[in-house]
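Just below sit the structures, each encoded as structure tokens.
In what comes next, subunit A is part of two complexes: it sits with subunit B in the first one and with subunit C in the second one.
Moving on to the complex of A and B:
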């Protein structure tokens, strides 16, 4: 059995080796790098099943007390690895478009780092999943964010990409400031940075409610940017639209999953403070409701599929926040909030990656990312059209797809917590979701294509897409593997979930 | 055995999507489905009642009794028989398409699979899931191959049913929450026993009752949630209209019988608005179906819209039977679910064929068709008379029981008044059905209708299947009621 940290070390080492290899290779064809990375990540994913779960200990002299290799973090590490693999596959499909947007003398030059930077992001995501110390969490978050600054603005000759890069940089830096300030407040209040110790100290602080609430709000604002919660969502549509499509997929899946886990872990100490608990839950419920309604309603009139997916990503953040806002209810019908959020993110990963995989292929072959470019896709490529139907049905929450169990669990949480306002919003937004997701289905099947050239799908992409479809159906019928993995050993998140 | 029944249409549909096979496969699949359903029908042991042919897997959720499990009792068998019969007829009325015929045929089979899965599921989750699975193919088919305002109709049905389903989901979860923690389960059989034990206090029944009744109500097109139904059925391609109005819509009623009646019987008598009880509210809504939608039906100028609205109207009778809360009314309601499914499917089959001939279904453009297409005329007449409630057809037997249920000794005065008003619905049905028959089949043949060609060969058998089963049900209602009775008695206990 390997220790959990070996996964991060392996990915990091892979990244450095490939960077070296890239700078010394003469070849202008960098595709080999991506293939090596995908192959190695596949092995690392396999290794993740042979790692012993090792929760952080607070024993004196224990060096690793800032790093928790518990079962939940392992699930999120696997999510990060799978996402990175899929993103690299997408990046290969996207190469021809990317090459045009780079100021390079010959085709293919300068694309190397595009395949290697995601490895560093992946390391950051995996460390974030394991962080149980504020400093560690912050360092991991910055590793993710900084590699994204580069990736978002990678297509240097595209104005949209540069604009997205600047927006992401400025707002990302701002949110980082909030998080650091929040961490400072927490440290100032408790003198600790480890989550468990912070929780202990906070629970025994008396008379400092305002200070605790302020610290909570600062962290909420900072992480609200990362998970795209309203009112901190304004960067999402522009950045998603401008960034190269594989990067958008990475942002909306990897970054969101790790940020949500971190959010749950940071939230936990505050939930232990009984005097401010009602206020914390109220703030969460308001943010959740606003995110739910804004994301889903703003998605309705979108004509660009990338923007639509951006708003839908906000909408899904709304469902996740809604589940978190219901954290206060005692007893559990099905499963705790932590498991709900974990499963939802897993399902969200599958369906969002599938949607982006199809989007990448269609945009490369159609010179556009509008919904109208999907017109008649069922004639150009029945396979891709079917894949998109599966992705959209799952995002909309049609049963027997992975996405449905996620919604089911969230609604169970809402009803359990008697949050009737959120339930009403949930019903409205699911209805809205049916409309905007099925618009894509309607375009693919009802309308005639703008171009008639058939789309060819590379074997590697075909395998990836088929696997994603199969997983969506499999986990839509039997979610047990993921749920058990999330439930078995979840010391910190399960504690937040009761 | 039951899983095989479910897999037949799914596997055939998958093969068709992948480009294998042709229309013969779809027909074969439907016949196989019917044969297997009949085998179940005759092998079902009536003496033992309860769920039989049960198959279940391990729990799919850690620590939660939710599993893939299938099983049939008398009520689900009747619904499965309805599904299989309508599927056979629907498959024979698939349109001739030049392109992408496999996509059409496969999607139709998927709708049938969704209904089959919902009726044979023994687990609450899969019961819900299979029904909603049919939403996607319905959306595709109506939008792609429908007529008239097809895309608007497709949107309307999808969003209405999507929202209805989510309200229903909330209701289901709320119902489970109302049970004590230790007895929460998704198993319908276990739930049936829990229902008999009256575990939910009367005051706590109201909220789940409303959520479930509105959720199911939207799916069944209960007044005032009915506006999606008629346009969708009018625009839908013939097989889709047949399967949806005939079979899939019965899912909601089936759910009312399975869940609302056994678990929340006291909610019916709870006052919700002044001294009016929830039952009174339901009665007002169903009178909306029978009288208001009935009048709307009379004023229709096109055959497909008329049949669509008539199907909405007849949901009122079924609800009347449910609201009576006694065995007579409930048996009538369940038999009427079966009978209505067959008659409305037959009507849509005939109207679809006429639309293929004529291109329009406006009454003022049609006439005298019984000369050129006597077989269609006879089938239409039988289905229309059945729909009105003429003695000899299953609809008559069941409507009679529904009305008896409304006048049972325990009925409130409001209920009796509602039943008397509902009786007028029969007159309304007679008016629009007979007028439709006259407008289409009697009178002087129009220039085009004289050239129509009648159904030939196997299509005749496929269509005749429906009215003949209706006759069988009308002459021997007791035979079908024997299957229904144990389930319904358990539901009312």
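Moving on to the complex of A and C:
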């Protein structure tokens, strides 16, 4: 059995080796780098099934004060690894578009780092999933965010990409400011940064409810930016639309998944403070409701599929926040909510990556990302059209898909908590979701194509897309493998705090 | 630290900070930022945190801001045009800022620890360089190494994004 941190070390080593290989080799073909990275990440993913789970310790001066290798973090690490693999496959498809948007000396020049930087992002995402200390969480979060600043602005000759990069940089820095300020308040109140110790100290603080609530709100604002919760979502549509498509997929899946796990871990100490619990849950319910309404209603009139997926990403953040807001009194249900959130994010990863894989191929071939570019896709490539139908059905929540079971878990959570207002909102927004997701399906099957050239799909992309389709059905019918992986070990913080 | 010095340096720091935002000449803005950092380091020194105070001057005021000034002068940036702000967004931004200030005042008012003066530190002179080093390299080693990777990613990113012609 390997220790859990071996995954991060391996990905990091892979990144260093490829970075050196890229700078010292004379080869002008950078595609090999991506192939090596995909191959090695596949092996690292396999190794993740042979890692021993090791919860964080509280020994003074130990490495493992910062790092928890519990079962939930392992699932999120697998999500990060799979996302990175898929993003690299998408990046290979996207190469022809990206090469035009770079000031390159010769063909394909400058694309090397586009395949290598995601590896460092992946390391950051995995460290974030394991962080059980505010300092560690912040360092990992910044590693992720800074590599995303570069990736979003990567297509330098595209104004949209540069604009997206600057917007993301400024708003990301603002949200970082909120998180750091929140951390200083938490540290000021408790004198600790480890989540377990923070939980202990917070539970015994008396008479400082306002200050605790303030610290919670600051962290909520900061992490709300990262997970695209309303009212901190204003950057999402522009950044998602301007960024290179593979990066958009990475942002909407990888960054969101790791941020949600971190959010759960940060939230937990605050749930132990009984005097502010009703207020915390109320704030969460309001944010969740607003996110649900805004994400789903703003997606309705969108004509660009990339923008539509951006709003849908906000909408899905809404469902996840709704599940979190229904934690119930005492916070004892966190394990249940952790499972719901983990499964939902896993399903969200499958369907969103599938949608972005098709979007990348269509946009490279049709020079556009509007829904009209999908017109008549069933005639140009029945395979891609079918893949998109599966992705859209799963995003909308059609039964037998992974997306349905994720929504089912969320609604079960809402009913358990008797949150009837959120339930009504959830039902209405799911209905809205059916409308805008199936507009894409209608365009593909019932509209005449703008152009008739068939789209050829590279073998690697074909395998990836087929695997994603198969997993959406498999985990929609049999979700148990993911659920049991999430349930095997309680988050160490929960075990220690209660 | 004498309260007079504290208020003096705080006021100066805030005044220079405001002038960073209000100045339209980028050189003046950058110099105001240097002055603001100097006052901040004076506050650190007043708290007996000599190491952080010195680092503040060496790294921020010395290295980073001088680099900023070089870039500003190399690019020969001119004073910005006064921009027309949308009234609604101006009002919205102002409302958020004022709201946040009142919230902060309310929180500080009801914050029991905040009302008591901070107890004096036991040792007047800490060997702070050694303490910072030990904390960083032993206790906080894992986050420290993560930050190392972060710096690598940032420097790769800067080269990728700024190189005139990619090879």
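Basically, the second predicted complex is superposed on the first by the 480 of 498 C-alpha atoms of A that agree within 3 Å, B and C clash if a C-alpha of one lies under 4 Å from a C-alpha of the other, contacts with A are read in each partner's own complex, and residues count from 1 in each chain.
We take it that a contact is a pair of C-beta atoms (placed from the backbone, for glycine too) under 8 Å apart; a residue touches a chain by one contact, two chains touch by 3 or more.
Every value quoted in this text rests on a predicted model; they were computed, and no experiment measured them.
*Asks:* If we overlay the two complexes on their shared chain A, which of subunit B and subunit C does A:404 touch? Say first, second, both or neither.
*Replies:* In the superposition, A:404 touches subunit B alone.
*Asks:* On the A-aligned overlay, A:442 touches which partner chain: subunit B = first, subunit C = second, or both, or neither?
*Replies:* first
*Asks:* Applying the document's definition of touch, where does A:273 land relative to subunit B and subunit C: first, second, both, or neither?
*Replies:* Neither partner.
*Asks:* If we overlay the two complexes on their shared chain A, which of subunit B and subunit C does A:477 touch? Say first, second, both or neither.
*Replies:* first
*Asks:* Should A:87 be classified as contacting the first partner (subunit B), the second (subunit C), both, or neither?
*Replies:* It touches nothing on subunit B or subunit C.
*Asks:* In the superposed arrangement, which partner chain does A:149 touch: subunit B (first), subunit C (second), both, or neither?
*Replies:* second
*Asks:* In the complex of these two chains, what residues of subunit A are touching subunit B?
*Replies:* Subunit A residues touching subunit B: 331, 333-335, 378, 382, 386, 389, 393, 396-400, 404, 408, 411-412, 415-416, 423, 426-427, 430-431, 434-435, 438, 441-442, 445-446, 477-480, 483-484, 487.
*Asks:* Per the contact definition, I'd like the list of subunit B residues that touch subunit A in the complex.
*Replies:* Touching subunit A: residues 17, 59-64, 68, 100, 103, 125, 128-130, 132-133, 135-136, 139-140, 143-144, 151, 154-155, 158-159, 162-163, 166-167, 169-170, 173-174, 176-177, 181, 184 of subunit B.
*Asks:* Under the touch definition given earlier, write down the residues of subunit C that touch subunit A in their complex.
*Replies:* Against subunit A, subunit C makes touches at 103-104, 106-107, 110-114, 138-143, 146-147, 149-150, 152-154, 156-157, 160-161, 163-167.
*Asks:* Within the complex, which stretch of subunit A touches subunit C?
*Replies:* Those residues of subunit A that touch subunit C are 12, 19, 60-61, 63, 66-67, 102-106, 109-110, 113, 116-117, 120, 123-124, 127, 133, 135-136, 138-140, 142-143, 146-147, 149-150, 153-154, 156, 188-189, 207-208, 210-211, 214.
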